[in-house]
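There are two complexes below, and they share chain A, which is joined by chain B in the first and by chain C in the second.
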Partner chain A sequence: MPNTYQLISSNVLSSNVASVTFSSIPATYTDLVMRWSVRDSNVSVNANNFIYYNGNSSTTSYSQTYFRGGNSNGVSSTRNTDDNDIYLGYNNGSTSTSNTFSSGELYIPNYASTSTRPMSSFLANEENSTSSGWMHINAGLYRGTNAITSITLTASVNFLANSSFYLYGISKS
Partner chain B sequence: MAITSIKTGSSFTNLKKYNDFLAGNAPFIPTDFESIATLTAAGGEASLTFSSIPGTYKHLQIRGIGRLNGTSEGYGYSYIHFNGGPQATHGLFVHGTTVTIDGTTSAYYQIPNAMAPSNAPTGTYGALIIDIHDYASTTKLKTVRGFSGYNTNGAAATYYHGVGLSSALATGLGTSALTSVQITSGPFGEKFVAGSTYALYGIKG
Partner chain C sequence: MPATYEPIATTTLSTAASSITFSSIPSTYTDLRVVFVGTGTTSVGLKARFNGDTGTNYSYTELFGNGTGVFSGRGTSLNYFSLDPQRNLSTTIPIMNTLDVFSYAGSTNKTTLVTQSDDENGVGVILNMAHLWRSTSAINEISLLVFSSTITAGSIATLYGIKNA
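Take a look at the complex of A and B:
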């Protein structure tokens, strides 16, 4: 267990927003962890959720492999070599069970390096249903040449109020 | 004991002067990831319970290992109650080489591949990590994520070894704060073996 696990910043939404950005991330930690709990205004049960770093959404900056499953939707995997962001999976949309929010975690080791940086994420959304609910894991790579100093999450439409986002820094002993 | 005065003397020569009370020491910054409690089975328990969980953190994480002593294999699941209520639960997992996805509304949150059954190789345990975001919220239903697995060191057949993702919606809890987590040995009558251990952590926000 890391002996230092520090909150860097948090954002609990009081109104709907299309994206959330953690900026000016200090380079003083070894790894980053982001945790979020999100509901989207998209009129759907499921709503896509993406991230990009440093304002960089050029089409060759990211590659990723993800694996996901939903009970009535089977299991699938995807590999993309040139993407403009990282796909985190489905959040709860506005027609999902009331008061449900997806739960996600993103881990970025070595984020302050100026060479390539990997990431992993695990996102789950749930319904009060036996036939709906998704689990999504992703292994991604940021191929930009600068250290990660900002992280932006983008909603399918808008993140709804009470969605919450927390960014932590982990230091080696 | 209070220090009321220090006078110049032979014991106080060549002292280094500091401009702050750290006196050259690194500042102590408390971690935002804290241990709340740890439960270890003595052997024979049907359940282990974290109760009176304080609402002072933002998130909870449980890490644990488990093994059952009964004759049923229990399908390798851990079974968990949040405040005693039912939940919708989904699993995406591999048993051996077979990929399965399932979903049900159950009395339990079912975590695949998280318990070694009694016929598993000696000394093997299943492992799990589960996360509960905004567990003390009174406006959200609690969505729980789990990651679990156990390996038989090459033994095959019906040990329900593999790796799994899981999730649950704590429907029975409603929008109340989560204050207890009960990890049970499941509906097949098994008990925990000694050494099964679960640790509860609180994460500040």
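Take a look at the complex of A and C:
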């Protein structure tokens, strides 16, 4: 049988950047998986992380339902409608425990479809602190009518050097 | 590096159907994963069964958020897995479910991890579940099904096998 979990592209940062884009994603797979390990230059313990597709960050093509827990504050759930992007959660900011990177995974089924597409994401940061550390799990929806050919992750300020991003394609045959 | 994530079978419904069944699953993998994305012809719950077992051998513990709060729940002695106990399949917006079955060919009870990712731009739920099937039989068949309704044509279910070597 073929190997169907294939690396499409990767990006390990050599310098700080505000966003990372995987473009020209071939339509030859069934689903996409993206995994990343990042730290943000935002002078904070936590730094927001977003994604959008196909350069589409100016229209209300996204919505999401998510829950998250951590920071010793219990758990909460939020729903956003008609958003400009998908909120992935908190990455480690520059004042979090040094040398600590958050980890995330995004799964997009049927990404080459031209109809409405769901997605799921998971993002976690843990830093050996009694006052911070988060888990964030998201169900998102993209209502764009074009196949997904690019994915952009945006940092709160900048993704720091040595942050890494991997995009995989999964085929059903 | 060997291929360790392989498609075993996939079904894209050409017509609406009450179930999607993967049968004759080989025992040569370590774990299984099912990915479903689809809708229902009516708002109906998506279920699963292993090996056609209709006994009350299924149970679950769930954690979910619906935009207003985060909750947990539990179901015991059921005759199916519920993949969406808090929110049925939509008739218009595709919902994503994943079902991970660990050590499916072993001789102990089977634990699974289920996720539901459902956002419909105004309603939705994000859900994680731990399921248990109290059977020591190897799993050779997985069915996704709905009761008294059908899964819409165009819905896709794919079964993957994952190897540890």
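FYI, the second predicted complex is superposed on the first by the 166 of 173 C-alpha atoms of A that agree within 3 Å, B and C clash if a C-alpha of one lies under 4 Å from a C-alpha of the other, contacts with A are read in each partner's own complex, and residues count from 1 in each chain.
In this text, contacts are C-beta pairs under 8 Å (C-beta built on N, C-alpha and C of every residue); 3 or more make two chains touch, one makes a residue touch a chain.
Everything numeric here is computed off the predicted structure, so don't read it as measured data.
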- Message: Per the contact definition in the header, classify A:Leu7: touching chain B only (first), chain C only (second), both, or neither.
- Response: first
- Please indicate which partner A:Ile137 is in contact with in the superposed arrangement: first for chain B, second for chain C, both, or neither. both
- Task: Using the superposition on chain A described above, determine whether A:Asp31 touches chain B (first), chain C (second), both, or neither.
- Result: second
- Message: Per the contact definition in the header, classify A:Thr116: touching chain B only (first), chain C only (second), both, or neither.
- Response: second
- chain B versus chain C as contact partner of A:Gln64, first or second or both or neither: second
- Item | Which superposed partner A:Val75 touches (first chain B, second chain C, both, neither) | both
- Message: Can you give me the overlap between the chain B contact set and the chain C contact set on chain A?
- Response: 1-5, 69, 75, 137
- Listed in rising order, the residues of chain A that touch chain B in the complex are 1-7, 10, 35-37, 68-72, 74-75, 97-105, 122-133, 135, 137, 162, 164, 166, 168
- Flag every residue of chain B that touches chain A in the complex, lowest number first. 29, 31-33, 58-59, 88, 90, 92, 99, 101-105, 131-134, 137, 139-141, 143-145, 147, 165-169, 171, 175, 203-205
- Query: For chain C, which residues are in contact with chain A within the complex?
  - Reply: 3-7, 10, 35, 37, 63-70, 93-96, 98, 115-126, 128, 156, 158, 160
- Item | Complex interface listing, chain A residues touching chain C | 1-5, 30-31, 63-67, 69, 75-79, 81-82, 107, 109-110, 115-120, 137-141, 143, 170-173
